[in-house]
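Following this line, the structures themselves.
Presented sequentially are two complexes of subunit A, the first with subunit B as partner and the second with subunit C.
Let's turn to the complex of A and B:
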């Protein structure tokens, strides 16, 4: 009986003693033993994406609030990343090797040749969307007209409203999503389009009384689409073909960035047709214009596409490789393209990310070997790391 | 000071003498020492030889050697758990921690001068909140001469931790339907960590009642 007491006691007191003040202070000392941070290790002041080179690899650069607003107010950054931006009071993107590679390709592109399609692919949470965000920033800074679709599966999985298309028999129209995209297009490109003064090449007759005559600016076309939501999808088709035409005439450069491109080739959507059957994506009116603009029959442009596992529905999420996600049809549509594999953090990037989190007070507990343990737990996956450090 | 008085009132042997009625183990089984470090420490002393001849309980499956492991946090998870769904409970507490941290980081950003004084470590906040809401005394009904008296008695250390966590959780569960538990729990913990809020008030109310019933204190023994 006595023996039992002596062994039971330590356990009981253990819990209590550890949180009594003296012991707690000692452990606090150890927990807050912060490593000294030098901001040049993980930050770079270079905000011009054109200058980004291997020197800046793994470092964070800051996106100015205005540019962030212009680029991503209609979506384009993951929701949790938006939350981080709010907490950190700044929008920082890491210069990843894949985006450097891609930027290098774009910088050295011969724009008189047909467009090159780049396909970003990789596991969940490795930073495909943020790589694309970096490239979009490059596009903004270098006067590309941005044709950016933040997340295609939104259209195929949870459209705001579905209507039977009036002009094309058997097709489904997504007027609200189309109009939202037009607004997004306008916020991204309004400045550039007023500068370029691109004109429509032919008359667009919407109804008996409404028409957009040839020679009106593209902005007018877009605004009409936003005002008359019913015609938004057709406006997108018109807008994209006009843009393509202008690019062919060397009047502008276009950057097409479509996130979750494989959703255009998914075996089925969640949209129900007339006979309560799920329809295929090619029967959505929005699909064809975006497939046209990712074709290679035009020049003065660059296509950056991502294929993503979570763009698919259950049963189609076995692999993250482009051939699997795009299917035969999609693969043949894009072929030939440049595949770019986005990978998990390297050791250097991981260390820089940890330092950045420490700098932003995101990681509060730094007992000895915490980074090693996080590395082990997260497998250096950026998203997993962000999730793991939530409660630390 | 009151706390030290309490511990003198309640001899510690008394805590341990309570046998667990439904325990799968006989009383002479000892708790497992799962930590490798502690085992090695024991090996150096002759305690190890003594232990090797004693029957030992199986280690618990939620004990961990991780450097982020905290016994009190683990206990809190157990209290949140409903119907054995511990995974959910852990997720809820994690979310709550995230919420606390975001609030504190926001406060830091608002006035950078007080950066060093603001605690943003959610675990420390939880510990502080629990310490602040631990009661010292509680009331029990004792029948003397046909009348039930509310008699103040000291709370054991273990029970005081239990009550503190229970109160925090009860305060968090009492909310509007639209607010989620992690959020509300975060607010309650933050309040309690700053010695404010409903839980601390509940503790103070209990203490006040005990104080007003001090005349009955002797019924505990007689």
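Let's turn to the complex of A and C:
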């Protein structure tokens, strides 16, 4: 029986393959009958980011809706990309060479050594945030505790509420933003934290009546922070220092991913202090914990940071290079780090992206040479391409 | 008969009369027309034979003679002044007065009286009086008031004479055709006049040739008659007559000379177009062939232009010629704004691409307006108005 099957199977599969490719080709030909772009190599079924290698470069892989919800429900994808995901009814990410390089580094990291800081930089709209999203997905699939800040400038530019900090003199507290971040942290890590059962190492006394005793789980700490918004910022500080300690004790691995990291070193924020003066980011209570966790004095972790021109305000947007964006102070804080340049699409990536858009019926007008024109008009910049194809 | 007529004509050999009005010739081809004018020459009044002098001189003739004399004198003084002025000018410029040409005069005037007035005809000039003062019709009747021309009473004798001549030519050709048919020969198809690329002399030019004003209908009659003449099978027999009234159409592409590509150090062909202008932007563009489609603008790539409109402007000639991705473009541009710079580069690329495409493509590029320099400039704001054209909001009080 087995023997019969085994000799029959190849023919059957061959037939299947022949049939399916023929059907696919026919449908694609209707849509886009130009032979120079091969039509099937823009998508990969490999959803395990651990397996991503150079063969998958330039191809789209699908993020399952549950994972997408878990990772990015509190932000982390650009708003217009979110809209596109909604339109396409699937969350696809392209495997970019920079993210492959970064994943390769992380896979080969010796976690007994101090953390390595990776800094993603590049022009506007080249895909820094989406590269980070890819890496976050890797973190999720490989049981990293994710410390992910979707967009730091949100805190510095348009905080929801500002109050004077109670414990630290002259500091500004952002309770709502801190609580929102705690919610984000919880959605990302709730499953993992229940598995790991990490305990607090010391008592945290919030008021006379409220306290988190030593030995309670980190989830309890987080939930307290969410429930008592007033102490959210202090909870974050406590949480991050606890996490750092646990990582040092080899109890967990942590992936720190902070988008728009340079906002921590911006010369000024839009937050007004007591005397209606704009304050500097170091006087926001949220800054210090995140600077601590991006320090190199711990192990079992990896830091992925992006520096972004649009995280700055007018007059500070001349260059996209890390030294300029971080300033002297920030550069010295991160030094030494691994800079990773995110570039525009290569020809291969561009072709694959066009294929994907055609597949999603996003581009419906395909006159002769439209892809060449798009290529030169957009200069192969992913964001510009997305904007250009909106009306096609 | 012949002798009597000659005596009559002898009395006055007058061909040109000028009035004293100082209106200027504005037509650019006025000079050219003067050379082949058949209907008027110098004003010269010969002494009439005694026998004729006894005849009574009509009042109209008297008035005419008076006017002719005055005009003669006026023109004489004008010519003298022109000569003196020319000598002065030559001295001022330190040149030899004898060899000082009209071109030298024009240059000297442009140098001494620089003028930014937009209309070139309103700028200072110094021309010979023959050019400046328009020619007038010569006397059309003799001392007794008897007209010379048999068609004088049509009001436009020269014009109707011309129509008459055309019919004369046609009749001649008809006769010829008849004779040829009788002999059994037909018209030579090879010699048939090919009128493509030609047009009839425009109305203004015809008017100044005839020294008569004609209306549009009459001009149409003229062109129709000429068309009929040309369409006859033996029309090549009166080729010279037709040629007198036809004018070749200018071919634009023949006028523009296409530069030959040079070779750079890598052995690639390249063409550089300097002075690419649009609004206040100035630039130069180099196109290299073969290339990979690299576009460099002031050292940046195409993201030098943030707006898509400008990027499209730069890419349009390349897309039109089908050379997108096959040539490299380097542009240096300064001054002006974004759209001005993009327009300047577009023009530069289009002009350079002529060297790398065939003649047909050049022609279609010309028709697409790619080779046409855009002369539009910013229009000035007017006082009493909000902008160039917009008026202030009307308010009752």
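Keep this in mind: the second predicted complex is superposed on the first by the 352 of 392 C-alpha atoms of A that agree within 3 Å, B and C clash if a C-alpha of one lies under 4 Å from a C-alpha of the other, contacts with A are read in each partner's own complex, and residues count from 1 in each chain.
Just so it is clear, a residue touches a chain if its C-beta (ideal position, glycine included) is under 8 Å from a C-beta of that chain, and two chains touch if they have at least 3 such contacts.
This one's a predicted model, so the numbers in the text were calculated from it and none came from an experiment.
When the shared chain is aligned, subunit B and subunit C each come close enough to touch A:369. In the superposition on chain A, A:89 makes contact with subunit B only, while subunit C stays out of contact range. When both complexes are overlaid on chain A, the residue A:392 reaches subunit B alone and has no touch with subunit C.
By the document's definition of touching, of the two partners only subunit C reaches A:381; subunit B does not. The wider contact with subunit A, measured as residues touched, comes from B rather than the other of subunit B and subunit C. On subunit A, the surface touched by subunit B in one complex and the surface touched by subunit C in the other have residues 369, 373 in common. Interface residues of subunit B facing subunit A in the complex, by the touch rule stated above, are 12-13, 15-16, 27-28, 30-31, 54, 66-68, 71-72, 75, 93-95, 97-98, 101-102, 105-106, 108-109, 120-124, 127, 130-131, 157-158, 161. Interface residues of subunit A facing subunit B in the complex, by the touch rule stated above, are 1, 3-5, 7-9, 11-12, 14-16, 18-19, 24, 28, 31-32, 87, 89, 360-362, 364-365, 367-370, 373, 390-392.
For subunit A in complex with subunit C, the touching residues are 369, 372-373, 376-377, 379, 381, 388. Looking at the complex, you find that subunit C touches subunit A at residues 293, 295, 301-303, 308, 311-312, 315, 318-319, 324-325.
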